[in-house]
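Input: structures, listed below.
Next, two complexes with chain A in common: one pairs it with chain B, the other with chain C.
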Partner chain A sequence: MNIKIDSEGAFGSAVVELEPGEKFVSEAGAMYRASSNVDIEVVSRKKEGQGFFGGIAAGLRAMMAGETYHLSSYQAGRGPGEVGLAPTHQGEVRKVEIGSETWICSGGSYLGSSAGIELDTQYQGLTKGMFSKEGLVFVKASGQGDLLVNGFGRISEVAVDNGVTIDNGHLIAFTDGLEYEIGKAGGGWISSMMSGEGLVMKFRGQGKILVQSHDPSRLGGALGPLLPPRKG
Partner chain B sequence: MKYDIISAPSYSLVEMSLNEGESVIVEPGSMTWMDTTVKPKTEMKGGLFAGLKRRMGGESFFLNTYTAEGGSGTIGIAPGYSGDIIVKELNNETLYMERGAYLCHVGNIETSATWEGFRGFFAEGMLGLRVSGTGLLFFGSYGDVQEVDVQGSYTVDNGYAVAWESSLDYSIGRSGRKIRSFLFGDQLICNYHGNGKLWVQTRSPRNLAAWVHPFRPVQRDNK
Partner chain C sequence: MRFDIKGNPSYGEVNVDLAPNETILIEPGAMSRMSSNMSSSFQRQGGFFSAIFRKMFGGENFFLGKYSHENGGSLTFAPSVPGAVEHYQLSNNNLNIMAGSFLACTPGVNIKAKFGGLKALFSGEGAFLLEASGNGDLFFNSFGGIIEKEINGEFIVDTGHVVAFEPSLTYKISGMGNWKSTMLSGEGLVMTFSGVGKIYLQTRTIDGIASWLTPRLI
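And then the complex of A and B:
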């Protein structure tokens, strides 16, 4: 398997080249092109041996993460094949190697992963989930292989040593082992709210974080009021 | 005529220098700036029927011709979307194109709406654009545009095909074959057949609109 990432300009995308029989998984609907010998299936997010109800429960959790209920799976049939994946927003696509490190991905940042990666949903807890813009459930990617994430704008890697504060809405993924809490940006509640930063995520421990330069919910917040109201 | 595509691939714009007497035909609304020596002329190219056919293909009824008069001049041309622009030299050839992909051309090229080569594009509007002749064609779309050399067959998600050579044919299918995929609203895909070039875009305006939708204010019933 070989992943070619087009990172020139504002519209990142990835073309995954598959050997015969190789598999890749993506967020449902992320495929925009594929060679015709690639079989495309829709799979629900469930662990092996979980059974039908386990699958449904896992699907519900994924739904709460603000993510599509389903994943798409791609398998090259006879001969090598390719599948192209792209996110909705302008911004970069980045490959993250999973192996010695396990990564945890925020709700909308997961784009795809190779077959050797096990995906598991991680419930963030009600307080954290309610107050963060990243959703109630994160996606944990463990095992061995490549994970693809997408960001709104540029993606940068931040090394955490003594703790880092990330603005709410900018988190893409972080390495397993890091702990975070939702807190106020400034010294007091009033100055935090006045600064316009509101709530932030405070990370502790040793590891790495991927952040996106822009917060998609601010674009949504700017565009939404300009559109005619929708039926409730 | 000389041209340069600047700010590619994200915010591409065609910067074209015309010698005296040379013309470029531009989709209305796409002229960004021009020298005073460049004179616009709006016409219904090919007459009323051709204009109507173009209109049905998602392009404008009128086309604007910009000609350098009384000296050379430069014109800037950009589409409504932020994205890539592709230049294709046509030599008595035909391309099929999605609605809205056409930007401008130089030479003897005709654009008209067609059902030909467009089947079952429910999500895209029924008609596409047929572009044929000899000259230099500029087209583009939202996002990056990637060229795919189709040998045999290739799959594209519905709404991501920008243009393709007339040697290619396509059919609409569903991605999954199991009943499950029907139940869970699986995506419609286009299967292209034959040998020829195909251009795909990497972003979809429809997906962006669907994403913005929940941010719209909610209408209250004042009963």
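And then the complex of A and C:
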């Protein structure tokens, strides 16, 4: 398997080249092209040993993480094939190798992963989930293989050594083992609110974080007042 | 202060390394990540009335976020809309910035809203603009890419596309040629700049994307 990030910058996408028999999964709707010998299947998020209801529960948990209920699965039949994947919104796509590291994606950041990767949902707790703007449930990717994530804007990798503060709305993914707490940006509550940041995520430990340059809700705040009022 | 602008023109963001006790003032909400030791507070820029004036007419905030630390640290900030970020070095000169385009500055820079005159009402930028003066680093942003242009003589810009210009330039509002080309070219009114100096233009406008998007929303 070979993954090429097809276009960088404003409108990132990825092309996954599959050898015969190799498999890749993505969130439903992410495929924009595929070679004709690739079998496309809708699969549930059920894991081995889980029953019918286990699959439903896994799908619902994924929806809590801002992901689709089902996954799409792509398998090359006779001969090699390729699948093009792109996120819904503009922004970069990044490939992350999973193996020695396990990564946790914030809500909506997961785009796809190779068959060797096990996806699990991780509940963030009510307080964190409500205030982080990143969703109540995150997606944990472990095992061995490649993971694709997408972000709004540029994606940068940040190393956490002495602690890093991320404004809520900018988190894409982080390595397992890092801890974060929701807190105020500044010394006091008033200065945090007045400096316009309000709540931030404070990361501790040793690891890496992927962040996006722009916060979609700030674009919404700028664009919203210029759009006509809408019902419901 | 060391800075590095990355991601232009689509997703401009600024990485700043602050030396011990160095301060940067940022538009509220624009900080996206920073070293955990960094302390944030807020500061009113200029006098009380000047800050009120800037908020009411300059499309900017009453307070700015203020970031510094006694040991220094790093910080990244980005504007709310995707687009380019530009840096301008002020050394006792002025720069006019369109309302809403201010992103950040160092403490030696003063930002004031000023009335642009009646012609500014037709500029598509609002009747007020921001005047940056003093000494230090200034960062401003656009929706879309920023084109920097040295003008010597006359230069025509569509209304709504000016981000900033040096005060040595003056402009007047006019139509494109006769009334027919004004009405039918889709440009409407334009700004004709004259003089010698630098101008910064944006390749898109947020009003443009909003009106393009409006009929497509369900």
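Note that the second predicted complex is superposed on the first by the 217 of 232 C-alpha atoms of A that agree within 3 Å, B and C clash if a C-alpha of one lies under 4 Å from a C-alpha of the other, contacts with A are read in each partner's own complex, and residues count from 1 in each chain.
Just so we're on the same page, a contact is a pair of C-beta atoms (placed from the backbone, for glycine too) under 8 Å apart; a residue touches a chain by one contact, two chains touch by 3 or more.
It should be emphasised that the depicted structure is a prediction, and the values quoted were computed from it without experimental measurement.
Student: After the superposition on A, what does A:A185 contact: first (chain B), second (chain C), both or neither?
Tutor: second
Student: Given the touch rule stated above, what does A:T121 touch, chain B (first), chain C (second), both, or neither?
Tutor: neither
Student: So in the superposed three-chain picture, is A:R230 touching just chain B, just chain C, both, or none of them (first/second/both/neither)?
Tutor: Touch partners of A:R230: chain B and chain C.
Student: So, does A:S142 touch the first partner chain B, the second partner chain C, both, or neither?
Tutor: neither
Student: Does chain B (first) or chain C (second) touch A:S113, or do both, or does neither?
Tutor: neither
Student: Is A:D215 touching anything from chain B or chain C once the two structures are fitted on A? First, second, both or neither.
Tutor: second
Student: Once the structures are superposed on A, label A:A10 by its partner contacts, choosing first (chain B), second (chain C), both or neither.
Tutor: In the superposition, A:A10 touches chain B and chain C alike.
Student: Please work out whether A:H170 is in contact with chain B alone, chain C alone, both, or neither, and reply first, second, both or neither.
Tutor: A:H170: touches chain C, not chain B.
Student: Is A:H70 contacted by the first partner chain B, the second partner chain C, both or neither?
Tutor: A:H70 contacts chain B only, not chain C.
Student: Considering each complex separately, which residues of chain A are in contact with chain B in the first and with chain C in the second?
Tutor: Common to the two interfaces on chain A: residues 9-10, 90, 219, 221, 223, 227-228, 230.
Student: Quick check: in the complex, which residue numbers of chain B touch chain A?
Tutor: 8-11, 82-84, 143-144, 146, 148, 152-157, 160, 175-178, 180-181, 184, 186-187, 189, 191, 200-204, 207-208, 211-220
Student: Mind pulling up the chain A residues that touch chain C in the complex?
Tutor: 9-10, 90-91, 153-154, 156, 158, 162-167, 170, 185-187, 191-192, 194-197, 202-204, 211, 213-215, 218-219, 221-223, 226-228, 230
Student: Within the complex, which stretch of chain A touches chain B?
Tutor: 6, 8-11, 13, 28-29, 31-36, 38, 40-42, 69-70, 72, 84, 86, 88-90, 216-217, 219-221, 223-225, 227-232
Student: Can you tell me which positions in chain C touch chain A when the two form their complex?
Tutor: Listed in rising order, the residues are 6-7, 10-13, 26-42, 61, 63-67, 76, 78, 80-82, 206-207, 209-211, 213-214, 217.
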